[in-house]
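One chain, chain A, links the two complexes that follow: it is found with chain B in the first and with chain C in the second.
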Partner chain A sequence: MTDESSNASGERRRPAGSVRHPAEHSAANEPPPSGQTLAAAQVTGQGLSRRDWLKGGARGVGLLGFGAAAGFLGTRESKAATRWQIDPNQCIQCGRCATACVLEVSAVKCVHSFSMCGYCKLCTGYFEPEPINLDEGAENQLCPTGALQRKFIEDPYYEYSINKDLCVGCGKCVKGCNMFGNGSLYLQVSHDRCVNCNICAIARECPAQAFRQVPVTKPYLLRGKGAAGK
Partner chain B sequence: MSDDGSNGQLTGGRKEETTGMSSLLKGEEEATGTDSLLKRRALLRAAAWGGGVVGLGGLSGLGLSRFTRRTPQAAAAKPPLGADFTYDVSRFQTSDPALLRYEETARFASGLERARAIAVAADGTIFVGGAGGLRKFSPTGEGLLNIPLEQAVVSVALRPSGEILVGQPGKITVLDANGAGVAVWSGLPAGLLPTAMAVAGDKVYVADAGNRVVQVLDATGKPVGVIGARDPARNLKGFVVPSPYFCVRMAPDGLLRVTNPGEHQIEAFTLEGDLELAWGRGSFAVEGFCGCCNPVSFDMFPDGSFVTCEKGLPRVKLYNSTGEFTGLVAGPEAFPEYLQAANAGTPDSLGSGIYAAIDPQGRILILDSVGGSIRIMQRKPQAHD
Partner chain C sequence: MTPDRIGSTGGQASRLSGPTGVPPVVALSDRQDALSAITGWKPVFLSGSSYLLPALMVVLLLLVSMDCVFGIQRFPPPDFSDHAVPETVVAAPQARGGGWLDVTVLAVGLGAATWLSLKRRSRVGIVVLSLAALAYFGFWRRGCVCAIGSIQNVALGIADPGYAVPIAVIALFTLPLAVALIWGRSFCAGVCPHGALQDLVLVKPHKVPGWLDEILRVLPWIYLALSVLLAATGSLFIICKFDPFVGIFRMAGPRSMLITGAVLLGISMWVGRPYCRYLCPYGVLLGVAARFARWRPTVTPDTCTQCRLCENSCPFGALNPPMPAKQGRERIASGRQRIVLLALMVPLAALLFGWAGGKVGIASLALHPDGNLATLVLMQERGELPAPPPDELTAYLQHGADRPAVITKAVALEARFVTLGRWIGVVFGLVLALKLARIFFPAGSNDYETDSGRCVSCARCFSTCPYELVRRGIPVPAPAKRSCGFQPLSSLPVPAPAKGEPNG
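Up next is the complex of A and B:
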């Protein structure tokens, strides 16, 4: 016995699960159902075998997984490619860097461009506007945490450096330096502390829009000799 | 016949057979066409399904990524900073009106970006230099000449012959009275930044902020000496010039006056380079020179008294010939654009300053590089030092 049988009119009947070849429709002057294609026929269940179903399912799951992985890694990749940083030419030293960061002590720190510094005896970033004496007494220092430190080089020059562990990123010394000096003190996000939030809390509050994302390959916006093009 | 008929039948049969074959071929062609169409449709539909599934996967991946990102949750937890963390010099940004000895009688725009050079000729014409070049104005502020120059002008001085000396980084350009080029002195010491120049006899004294000395040039621009270099044997500690503000003038007493901004002083030198005297002290109070490095510029009256200019707190002040404070020409409140830039902490005020020149009528001309204007200040009739 063949796997095809004939009906009373002589037409052959197909076994369940088999699919008619489209050419057979034509040969038998029997157009395929409106809009129905071979693939459609396959998925309507008229002729879907378990193996086909499993094959299709596995393919679908694979594609879904591929898409998910691409979506996840794609966004991860773009995030990892940038870091938050402060443009020192936009910064207005409003003090929000010290309070808005998600870290307990802000990741924003004062940095110093030695190539721009005048090594002044009377540094307006270091001293109160009217210091009692030009010495290291706490009452003369501008920085409320004592993070800016002073070292004698030769008369009348002094070198100033920042103790990052003490700096809270308030920008008080930066303001003093910008207003009267060369602007060699400025604020930067310290990447050894920053957790690189997707939306930086300080950037969200920065009134000067000084925060921007920079390439991870160039994560600092420096002044002086380290600056771009210098 | 039969043969013929057979033949005929045969022929006819062959014809039918041929016809049948052609119709079969035609049918196969049609079938092949339909098959291709259906395959294409199937392919498109499968691709659409695949794309949809991948897109759905992508969206779920994106959502997962967002879910696992760090978000700023502790942002509002910290209290605002107290006064100890705020830089406040507002108490120095206003001045006592009783100290004002001059009043503004006119003002005109310099038309130059970052203008920082001003000089007045014997006939009262005013020369102003900046980023765009050099401009000449009448004593009342009408524009007379515009000399575009590629390099920024940082100083200007006038020779008795009418020639104009234009200081630019690394060189000095000599122009005739109409602005035509005469010479360029380029064989000057490396790193030259001629922030001010004074002409005396056949010599030109150049305040070189780049090298922190006064360069002495002959009439052709050849360097013939240096004044103020560190020399302990002559009791010279050297000029402290932390920023590009360094000024020199020839005083009526025949001594050079040079600023030592890092020491907050004006020093007097003989033309041989000996230090004769110095005056000035650092203070935010009105009698002193504020900040790290002031005064940025000055000019002298025929009686040997001074008009000085400061940056940071933009102040134009008067001192007598021995360095005693005698009054204000303009206080910080007279320079709102400058103060705004300084208070904002933006670098607009960096590299900017206030400069002054005294004209033959005794008026003080103030060049405000941030506001971009020249103010004509006249002494108040009732003013007493």
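Up next is the complex of A and C:
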């Protein structure tokens, strides 16, 4: 596309002495005429042609190399559509998920497996270690944002649920639930928020190496009944 | 020479290898002996039944502690008669248009940038394209994926057979390089969101002194070497970690990232593309490829009369003034000096930086999660860790404290770090030697020519050339009286507009 214009003008711009006719290009890589030393050939400007020829060769090799690299990597590409996810069995609830994410409010949220939950009245994921009262008062709750909410079902059972808009992924409730409860609360990367970075900023900081890339077709590592189907 | 020495002195010379820097060729049996000597696994199981009970108790304790890890049902869920237990609901992944959309946009963008800079020669077109690239690759794709970061995926993809590189990343790595091999750095001109962002805020370019420019241009090579070393070993992606502009594209991010981005953007108002020239590791790859380019932007569409009007038009130091090549004897002598310099410099630089690369490799071991863990485990055993153990150690203890596995991994990892570090160091040394040769023995040029390795095809210089104005049919302003050999344009042969050229 730029061939004609730039090439033609290029020829015109060369000052006399090193002018080359396009036809000379083909003869460029031929050895200098007999009786002429290499140095003399360089002086008369044929060294430039040699440089052009070398450049062309390097260009060809480079293009082949990039093609080969792309092909080689392409053979490993099939399972490439992935998303970042936390393996809840590896997670130690260090709290870095809340702070290390590139998003202002982390893409990691707490997930609750209802089928695993004991519906306890005294939930160690819900209450502070030493609550003043076993009620819904903010001073008694472990969750700093009030994202873990509960609803009375029947004595002595309460149903717990996460308000995702409030959850910041600090994992405090997860720690409490895993320590003394069933482990039905756990952290997951919420894919409506995750921007699927090239390398996950939290994965880089995760002390338990709990982050991994999972197929986009099965982007969650869920616990409890029916989790396998999702 | 025991694995025990890992992490003994952070960053000190060869913890596993000998003082001479020989790769750690520890025989397997030696290693196992060393391991058992440290771990004490062998004695526990071989020295009679008196140790068996405590060992069993440890196993039991571990099993109990596993409860909390795998979520054992301590409190069975109640059977409700009139309450349905809800299902866990999770959000579906955001649709991202798939990798092929990125590939298509990239290919179209590269074609457009090449056409606009080389054929159409339109700065306005390049600006419009930059804005589009900024919108798509910047704010829509939120700066990820990007060609700069793709270096790391490719490095890891080649080093680790288990790592799959997405198709968009493969394309983002190879297509701009292939285009650079033929038409120069069109990618930088109008497809890269990082370049576009800096280019669009450049209001009053100042020249960077030549010597400073040459020194600063070594930085991207160091950055590239480090990022390949750390990516290929699976440690971390530093290009992504320290990317200055991704915070701006996402309009969120760690404070340090946002501040770096703002500062760099501020600098780019007066210094042309500071990130592209003095940091971007992909830029150096493009620069090397573009040196072999078949076509490249030329200031003038026609004849250079050396009027010097374009002299200060390049904000990126990519426009070389004419410097006639040496002729005759001088040329041969200069060629000989160059060969001598290279013959001396190349082996020296390769050896020196190969050695240094190995050292850097060892020093970066703790940047890998496995290397870091081994370091912490050994530090803890020596009682060098402060009271609250780091989270890494907590996780290690919670998951069974498999010490032999951790140490074996770290030993193998250190060998990989050293080997790779040396190779990267050798290549870096070669690059430096060639750079020096080019500084001392520059290639001659007869006219004002763009430095194809540095030119980012931004199309700024075109409109300063009077012949370009003639080509576009714009009235050329009357020249001011100058004593620098400027010829009045009326005395110049007016070129006949070439067929098929726009605005001709």
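Just so we're on the same page, the second predicted complex is superposed on the first by the 145 of 230 C-alpha atoms of A that agree within 3 Å, B and C clash if a C-alpha of one lies under 4 Å from a C-alpha of the other, contacts with A are read in each partner's own complex, and residues count from 1 in each chain.
Please note the rule applied: a contact is a pair of C-beta atoms (placed from the backbone, for glycine too) under 8 Å apart; a residue touches a chain by one contact, two chains touch by 3 or more.
Note that the structure is predicted; figures quoted are calculated from it, not measured.
Visitor: Of the two partner chains, chain B (first) and chain C (second), which one does A:Gly183 touch, if any: first, second, both, or neither?
Guide: both
Visitor: So, does A:Leu142 touch the first partner chain B, the second partner chain C, both, or neither?
Guide: In the superposition, A:Leu142 touches chain B alone.
Visitor: Counting only touches as set out at the top, which of chain B and chain C does A:Lys172 meet: first, second, both, neither?
Guide: first
Visitor: Let me test your reading of the model: by the given contact rule, A:Ser115 touches which partner, first (chain B), second (chain C), both or neither?
Guide: The answer is second: A:Ser115 touches chain C but not chain B.
Visitor: If you stack the two complexes on chain A, which partner ends up touching A:Pro207: first (chain B), second (chain C), both, or neither?
Guide: In the superposition, A:Pro207 touches chain C alone.
Visitor: Going by the touch definition up top, name the partner, chain B or chain C, that contacts more of chain A.
Guide: Looking at chain B versus chain C, the one contacting more residues of chain A is C.
Visitor: Based on the superposed arrangement, let me know which partner A:Asp155 touches: chain B (first), chain C (second), both, or neither?
Guide: The first partner, chain B, only.
Visitor: Once chain A of both complexes is superposed, is A:Ala98 in touch with chain B (first), chain C (second), both, or neither?
Guide: first
Visitor: For A:Pro129, select first, second, both or neither according to whether it touches chain B, chain C, the two together, or no partner.
Guide: So A:Pro129 only meets chain B here.
Visitor: Between chain B and chain C, which residues of chain A are contacted by each of them?
Guide: Common interface on chain A, chain B vs chain C: 39, 63, 66-67, 69-70, 72-74, 76, 79, 88-90, 92, 102, 117-120, 157, 178-183, 195-199, 201, 204.
Visitor: Help me check something: in the complex, which residues belonging to chain A touch chain B?
Guide: Going by the criterion above, the answer is residues 22-23, 25-27, 32, 37-40, 60, 63-76, 79, 88-93, 95, 98-102, 117-124, 129-130, 142, 144, 155-157, 168, 170-176, 178-183, 195-201, 204-205.
Visitor: Under the touch definition given earlier, write down the residues of chain B that touch chain A in their complex.
Guide: Result: residues 27-28, 30-32, 34-35, 38-39, 41-42, 45-46, 49-50, 53-62, 64-66, 69-75, 78-81, 84-87, 89, 92, 237, 240-243, 262-264, 282-285, 290-293, 311-312, 342-347, 349-350 of chain B touch chain A.
Visitor: Can you list the residues on chain A that touch chain C in the complex?
Guide: 1-10, 12-15, 18, 39, 42-43, 55-56, 58-59, 62-63, 66-67, 69-70, 72-74, 76-83, 88-90, 92, 94, 96, 102-104, 111-120, 153-154, 157, 159, 161, 178-184, 186, 188, 190-199, 201, 204, 207-210, 216, 219-220, 222-224, 226-227, 230
Visitor: Okay, in this complex, where on chain C does chain A touch?
Guide: Residues in contact with chain A: 68-78, 80, 83, 85-88, 90-94, 96, 98-99, 114-115, 118-119, 142, 144-146, 149-150, 152-154, 157-158, 161, 163-167, 169-171, 173-174, 177-178, 181-183, 236-237, 240-241, 246-247, 250, 252-254, 289, 292-295, 298, 300-304, 327-328, 331-332, 335, 369, 390-392, 394-395, 398-399, 446-447, 498, 500-501.
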